[in-house]
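These are the structures in question, set out in turn.
After this come two complexes, each holding subunit A, first together with subunit B and then together with subunit C.
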Partner chain A sequence: MDIQAIVESFPYYLQAMGTTLKLAFGGIFFSFLIGLLVGFIRYFRVPILKQLADGYTELSRNTPLLIQLFFIYYGLPKIGIQLSKELCGVIGLSFLGGGYMAESIRGGIEDVPLIQIESGKAIGLSRVQLARYIIFPQGFLRSVSNIGANALFLLKETSVFSAIAIMDLTNVTRDLISMYYLTKEYMLMLVISYVIILVPMGLFISYIERRVRYGVFGD
Partner chain B sequence: MSKKILEVKHLQKCFGEKEILKNVSFSIQEGEVLVLLGPSGSGKSTLLRTLNGLESIQKGEIYFQGELLKGEEKQWQAIRQKIAMVFQNYELFPNLTVMENLLLSPTKVQKREKTTVEKQAKVLLERIGLGEKLKSYPRELSGGQKQRVAIVRALVMEPTMILFDEVTASLDPEMVREVLEMIQDLAKERKTMMVVTHEIDFARRVADRVIFMEEGEIISDYTAQEFFEEQKNERITRFLNSLTH
Partner chain C sequence: MYLGISILWDGNNLGRLLLGLWEAIKIAGVSLGFGIILGTFFGVIRTFPSSLIRIIFRIYLEIFRIIPLLVLLYVFYYILPENFNIDLPNQLVSVLVFILWISAEMSEIIRSSLMSVSKHQIESGKALGFNRLQLYQYVYFPQGIKSAIPSMINLVTRVIKTTSLLMMIGVTEVIRVGQQMIEHYAVTISTAPLWIYGFIFMLYFIVCFPLNMAAKFWERRIGG
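On to the complex of A and B.
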């Protein structure tokens, strides 16, 4: 094990971690927004938009991120849209994640007990008020754990970014290995870097999840 | 001569092939406490739910203060502010505090002044000894407390009548009393109420009139006095005996 090579690779890994995190958070953020939007459209069954939203959810969840990225990175320039590879990465990740987030939010909404909805109706709430004060807040709280799981999933999916030459953790490792042939060392660094990012994030998500669940439902 | 608040004519309700309510007709006067008794599955709760627009009906008519309720959601939204309902499973909204639960409908649906409703809600909560719980979340309350807050939630809407659907059925025995006493107090104030219950002693204390149902039909419609003291119907007697043992 070449310790010196490992130590010397720190700055590269730190930078790559930054890139990975930045793009991942961008993707997670926009995924969440898309998920919410799709959730609203599907709940209110907005004509046409609902069919589009359904189609989008299926498409985004049933195609690999790699292919989605290729379409965005190599396809868009063909119709005259030139975007930076980082932006393509965020768009791709958001496209993928939006479908997953939408499904999680839908699941949470469907989990709201019927009696809660009836109680809302019984005090005269309209459909929109019911959604605003009862169904969406409760549905959202019920989907927190799945949203968290999606966030972790999206973070890991960033490893596909190397396919469009983004210098994320996976790509930096591949570069270093091809330059110095120190496979063991750099692979170890790669794993450690992902662990450093993912473990605290996982813990943070389950902390939030417990807080929210206990805070509202008391279990 | 008191005023007729609610009138039901020839109501029929089916779940698929099964007839749950068969030709149900009755009415309720202002200030009257009408208790619905009958074995489980006799259609009492379903009947109550149709009066709140939570169940569709296949035949018959429901008149509230002379107005025919046609089963449209828009009309029901308005009517539900006047016919409040309290459910078996004290369904407060867990994402809102006690006060927010109480304010939701009066401020958002009825568009009343928030401070006025707040004051009114406080008075009602204090009267039942829950003045301290304004900012608590439902999970911090006991079952009996939740159910009493649910009743207050119905009261702050200042409804014309209140439907109680087996409101003590899922409570621990020691909490049943506090809830029943609260309803009894409302009865004393001459609130118009329709109560589905299995608590026979309680029914005896609050009822002005008793409707006995079995298999979706109204078997009898008597004053409380007639029902508990004078009637000789074999089925009713058997039912009463089964409850007092």
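On to the complex of A and C.
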């Protein structure tokens, strides 16, 4: 083990961690927005848009991120849409994540007990009020654990960004290995970096989940 | 536009792409075959009362859940030949990592589905004088496996989608084949990436969508 080399690689890994986190949070944020939007469209059964939303959800969930990124990064410039690789990464991640978030939100909404909806109707709430005061707030709370799982999944998926030359953790490792041939050392750093990012994130998400669970179900 | 899409049936391109897809599906299939068997076995072991076994398998599961698969692929791809002097072909490295990953995920699917069998059923089995093996054979598996099927199908689609990462460690699967074609047409047909990557995108969809539908169908059947 070349400790010296490991210590010297710290700045590279820190920077790459920053890149990974920045792009991941961007992607997760937009995924969530897309998921909510699809949720609204589906709930209000907006004609045409609903079919489009359903089609989009299936497309994004049934294809790998890598090919989505390649299409955006290498394919789209050929019809004049030229974007930076970081932007492509965030768009790709949001495209993928939006479908997953939409499914989670749908699941949460379907889980809202019928009695809540019936009670809302009984006191004369309109369809919009029903959505605003009952279905979306309660449905959202019920989908929190799946949304958290999706966030973690998307964070892990950022490792694919290295395929479009973004200097994320995986790519920095590959670069360092090809320069100094210290495979063991840099691989160790790669694994540790991901553990440093993912373990606290996982713990944080399960903490939120527990809080929400306590709020909704009281246990 | 005509020029662009015609790339797909130029020469033997379509056949080559499909062969690339077949390579990916072969790796997924072999890994799933071994992974599901091994994972089922692990899943059963994890329902045993020994806490030592539970902790060991929990650690194994968490490692394969936390670390992104691409990182695991790289670790095996770089470390095996250099530090253990094991020089395997890329496909074999992929299959090895996939089997370990699938078994970890599968063990969790099996464990949770076996644990979902109601206590009442288990107690009744015991009252009838079933031994442990009989309990698994006649009570746990017939009742638990139904709830495992949707998750298993989802695992299959995840594995198929994940084969896309294999090009990163030099396996000539469908995306790598597409890349080679794009390089070949770089000068003559500039829109090649759009059509070829678009086509591969649809190929994955055509393979994974029916599986996803099947999983949803099963879920509804169990639920309703």
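The rule is short, and it goes like this: the second predicted complex is superposed on the first by the 219 of 219 C-alpha atoms of A that agree within 3 Å, B and C clash if a C-alpha of one lies under 4 Å from a C-alpha of the other, contacts with A are read in each partner's own complex, and residues count from 1 in each chain.
Going forward, contacts are C-beta pairs under 8 Å (C-beta built on N, C-alpha and C of every residue); 3 or more make two chains touch, one makes a residue touch a chain.
In this text, all values refer to a predicted model and were calculated from it rather than measured experimentally.
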Which superposed partner A:P137 touches (first subunit B, second subunit C, both, neither): first
Which superposed partner A:I192 touches (first subunit B, second subunit C, both, neither): neither
Which of subunit B and subunit C A:A165 touches, first, second, both or neither: neither
First (subunit B), second (subunit C), both or neither touched by A:L52: neither
First (subunit B), second (subunit C), both or neither touched by A:L125: first
More subunit A residues in contact - subunit B or subunit C: C
Which superposed partner A:L14 touches (first subunit B, second subunit C, both, neither): neither
Contact residues of subunit A, present in both the subunit B and the subunit C interface: none
Complex contact set, residues of subunit B against subunit A: 52-54, 73, 76-78, 80-81, 84-85, 87, 89, 91-96, 104-105, 108-110, 137, 139-140, 153-154, 157
Interface residues, subunit C side, partner subunit A - complex: 66-71, 74-75, 78-79, 82-83, 157, 161-165, 167-168, 175, 182, 190-195, 197-198, 200-201, 204-205, 208-209, 212
Footprint of subunit C on subunit A - complex, ascending: 58-59, 61-68, 70-71, 74-76, 78-79, 156-157, 159-160, 162-163, 170, 173-174, 177, 183-184, 187, 190-191, 194-195, 198-199, 202
Parts of subunit A lying in touch with subunit B, wherever the complex brings them together: 115-116, 118-127, 129, 133-134, 137-138, 141, 215-218
